[in-house]
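This is the structure I want to talk about, given as structure tokens.
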Amino acid sequence: MKIGMIGLGKMGLNLVQNLIHHQHQVVAYDLNTELVAQAAECGAEAAASTELLVAKLDKPRIVWMMVPAGKIVDSVIESLTPLLESGDILIDGGNSHYKDSIARAARLAEQGIHYFDAGTSGGMEGAHNGGCFMIGGNRDVFSGIEPLFKDMAVENGYLYAGESGSGHFLKMVHNGIEYGMMQSIAEGFEVLEKSAFDFNYEDVARVWSNGSVIRSWLMELTQNAFSKDPKLEGIKGVMKSSGEGKWTVETALEVQASAPVIAMSLFMRYRSLDQDTFHGKVVAALRNEFGGHAVEKSE
Amino acid sequence: MKIGMIGLGKMGLNLVQNLIHHQHQVVAYDLNTELVAQAAECGAEAAASTELLVAKLDKPRIVWMMVPAGKIVDSVIESLTPLLESGDILIDGGNSHYKDSIARAARLAEQGIHYFDAGTSGGMEGAHNGGCFMIGGNRDVFSGIEPLFKDMAVENGYLYAGESGSGHFLKMVHNGIEYGMMQSIAEGFEVLEKSAFDFNYEDVARVWSNGSVIRSWLMELTQNAFSKDPKLEGIKGVMKSSGEGKWTVETALEVQASAPVIAMSLFMRYRSLDQDTFHGKVVAALRNEFGGHAVEKSE
Amino acid sequence: MKIGMIGLGKMGLNLVQNLIHHQHQVVAYDLNTELVAQAAECGAEAAASTELLVAKLDKPRIVWMMVPAGKIVDSVIESLTPLLESGDILIDGGNSHYKDSIARAARLAEQGIHYFDAGTSGGMEGAHNGGCFMIGGNRDVFSGIEPLFKDMAVENGYLYAGESGSGHFLKMVHNGIEYGMMQSIAEGFEVLEKSAFDFNYEDVARVWSNGSVIRSWLMELTQNAFSKDPKLEGIKGVMKSSGEGKWTVETALEVQASAPVIAMSLFMRYRSLDQDTFHGKVVAALRNEFGGHAVEKSE
Amino acid sequence: MKIGMIGLGKMGLNLVQNLIHHQHQVVAYDLNTELVAQAAECGAEAAASTELLVAKLDKPRIVWMMVPAGKIVDSVIESLTPLLESGDILIDGGNSHYKDSIARAARLAEQGIHYFDAGTSGGMEGAHNGGCFMIGGNRDVFSGIEPLFKDMAVENGYLYAGESGSGHFLKMVHNGIEYGMMQSIAEGFEVLEKSAFDFNYEDVARVWSNGSVIRSWLMELTQNAFSKDPKLEGIKGVMKSSGEGKWTVETALEVQASAPVIAMSLFMRYRSLDQDTFHGKVVAALRNEFGGHAVEKSE
């Protein structure tokens, strides 16, 4: 099949290679012309603008957006809508909020454009060699683009999840689980590190990756990380986040679901962004007030 | 090699089969004679008592205990110590507390008996087909029994972890991570269940098991569970626990390690054991006191 | 001074009595005519409609709304705006979201109406005998209505907090702290209840209310509650919530503040609303899958 | 009455003054002779050793220990036991673990010495002007020393809690609640600090101390702290702890009580002791592994 790819960052470029590897034709565009050149080297047809990208596609056109969530998605959609026609298909493969996807699908449906929200997991490696896709949108139209997902995914690695928004909803919750799993693994290693034992963490991660109840891709990645830096001495423990974990917690609040572990994983990430905390100052000050306990002075 | 197995429960019997499958000779004993008969059917040599089990082994003898943690381990050790000799090897493959294992190893060392703590993971399936083993004890003596672990484990699925106690310490922390991972997955599905979407959970667990960042054995087991009962309607959400998660939290407290996620996973398990809670009654009563908010009456 | 009170529920009626006790004149209105009659008995001037209420006030008019947060506030404002004039003052004493208050203040400012968000704490008793007020809005205009707050509050019990929204923001965070304090107290009593000791909880709450570090109004209310029902046997531990705790957590997420304790207090409330949980079912099913642990069957 | 006081630190010296103020006679001893001199200046009779202290008391003797928990209590008891006689009374006013107190009471009972565990709350100010006492031990003997507690406590500020250990158990749980309350207050101020508003925290703590639902001694102390340092800029947010919070969590684990908020309060304290965390390094490394997210380098 032929597909246009807008956004050739870490994920987009790998997807392009994945598609070409499976004999699909890809027209590639990015604001960054260097990335377009890289895509062309991989066998994609370069496009110098969204107009040219759309022009190079057959009807009904299939366009995949792989751009950062938020306003950038809206501006790409805005630039595309005058160029697309009824029956064309637009796929958001990024990490958009599912409510945005629902709204966008409804807006584009008015023009007859079929919008799909395709949550994409598996990291860069998955994008390249076979990833995981959770797709929301019109079921009948989906069957037409299903071969693309079948090729890009590992076996059993794609799911038509339901109506618009369901794909990004699943991806959001997936990331919430990911936060919890990562924090679980990380706390385990913190206990090891503070224990009196002297473990080789790469060995530990390896044995836990093979045959154990907690074997998982994340544990294999943990092994990789320790193989490069046995005590992670070169890495600061600053845990950034890109939104989906926060959305999962917000959704849990909205539907009154108990999600203490996902929430705590997120709060520990926020905590890691602060060198010192105001709540810590308040508690230290209070201990001094009632018990005369010494406080450490700020420099 | 030839090995005695004491304890033929869910894990022990599967280990027996695993060992026999790898051409080892197993002498099997359990208080439950039916289980001994089952082991014999699998090709093990039946023993009617620990005395007879020890008598059937070659020196230096190798005995594997696969019995519940706590006093039972101590009573098995007590019955074995008069029978074993200097140079013999005793392995605790169960979920003993690592401090107990350190103490037992020290006590048995006085008699020249080599004690190993071998944390075993992988569930019944792992015990049968290839599991994961974390072993603490004397390194030199370990090399003599290493072939057993090599055969019982999947590839890269065993680790000589260090001195006595290190094997059970790793297993303890492994289970702490397991608690966190399970609770993470479970919270994700709770958010799905309370959402407005109508997901097929078996499908979701399947797609998350293939190519995603959170692919893991636990996610595959989640898929299995949903394949049998699509909404888990037949199962009550009572989450029991057998101690290792608690020990992990206690250890975190002891070494002052941040382990909020493992701790919350445990507290949600305890919470699930109560139909109603006293803390809930206090909060409900307080809301009524200051704000006149209605309380629900107990029947 | 003369003030109109719209909303004569648990809080509103007590405020009316408080104001009248301090020699203010109150015109009172509620959809529920019985409540209007009660206010009249307390010395308020009854109004049969918002129109009549406004008509009975002197310019610049002062109107206090004490109605449930959300759409009801908007509909009261909608009914009032045609009746009010530039220079009039409208106070929202309820638990509105601070962002709503900022928006409402801006909208009403276009008509010259001064809008104040007045977070009110202290429960019904405080409303009646002297409460706590956190007020956001125009500082200069505030000085004109300050005497009302001075009279309604206990000493030092009101604060001009700053621009519009700051009053309700403080009240929101106040309630977040309240959730955490209540859960802390409640967990303490849960530990007592599950201990081997046999405490008299009223006595415990009394001693903790007098001279201890944790002495607080909430502890006194705990004493009250136990004095009526020594083991709270008549109360179900269902912990409802009315929104401010949730908003506090959402705000913490928004500003990336570590608020694990307030968040956990909220999640335990949500947990208490469910008889059984889906996350519990998933964990129970997983334990059965890998370890053969028995599950409890749902009826 | 006449009483011996061993330990004249922050709490002990204030208790001495409190007792003398209420016309009791105090014999005071501490290893630090300067503190003994200070006690003498306050009107106590100085003792140069425990022997001399005991010698100056009337039978049945009453001795109050106000020393750090743990081995120091044991060594003081060891030095006292040969000096005391059947019928004498020994009170541990410190923060000992309740299980230690139960064991000590049992041991001393063999000699006929009555041991009381007296949890003391209220900080230095309470010790001086009237504090809060929770006392475990023999009920009949207690009535003989009750006047001391009546005088040292604020009104309703002491409680005979029950058998040995119950006093320190209550104090332990009291401190667990204290941790939760402090963290709740602290998180609230963290949300204020990170908000777009510009609050005066002393003012906020003052208004919350007067008439609000969360009014409490801790909030008054918060006001004091902010009055000295409006943004707590001079204080580092390092939150130390002295054991009782940890014991509360351990007890919650033991009795399977849900105590997420007290536990999280403790974990945030531990977190504050680390400049960087190993769990943070692991999560940061994992994000880099699967998503190519940049890590911050350690210096």
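Think of it as A, B, C and D in the order they're written, each chain with its own count starting at 1.
The definition used in the following text is that contacts are C-beta pairs under 8 Å (C-beta built on N, C-alpha and C of every residue); 3 or more make two chains touch, one makes a residue touch a chain.
It should be emphasised that the depicted structure is a prediction, and the values quoted were computed from it without experimental measurement.
With every chain reduced to the mean of its CA atoms, the largest distance from subunit D is reached by A.
Homomeric contact subunit B/subunit C: same residue numbering on both sides for over half of the interface positions. Spacing of subunit A relative to subunit B, judged by their CA centroids, is 33 angstrom. With centres defined as mean CA coordinates, subunit C is found 48 Å away from subunit B. Remark: subunit B and subunit D have CA centroids separated by 39 Å (rounded to whole angstrom).
Annotation for subunit B: residues touching 2 or more other chains are 123, 183, 185, 187, 190, 193-194, 213, 217-218, 252, 256-260, 264, 267-268, 271, 277, 279, 290. Per the touch definition, subunit B reaches subunit A in the complex via residues 121-123, 126, 130-134, 153-159, 161-163, 165-166, 169-170, 173-174, 176-181, 183-185, 187-188, 190-195, 197-199, 203-204, 206-219, 248, 251-252, 255-262, 264-265, 267-268.
In the complex of the two chains, the subunit D residues touching subunit B come out as 213, 246, 249-250, 252-253, 256-260, 263-264, 266-267, 270-271, 273-274, 277, 279, 290.
Against subunit D, the residues of subunit A that register as touching in their complex are 10, 123-125, 182-183, 185-187, 189-190, 193-194, 217-218, 221-222, 224-225, 229, 232-240, 260, 264, 268-269, 271-272, 276-293, 295-298.
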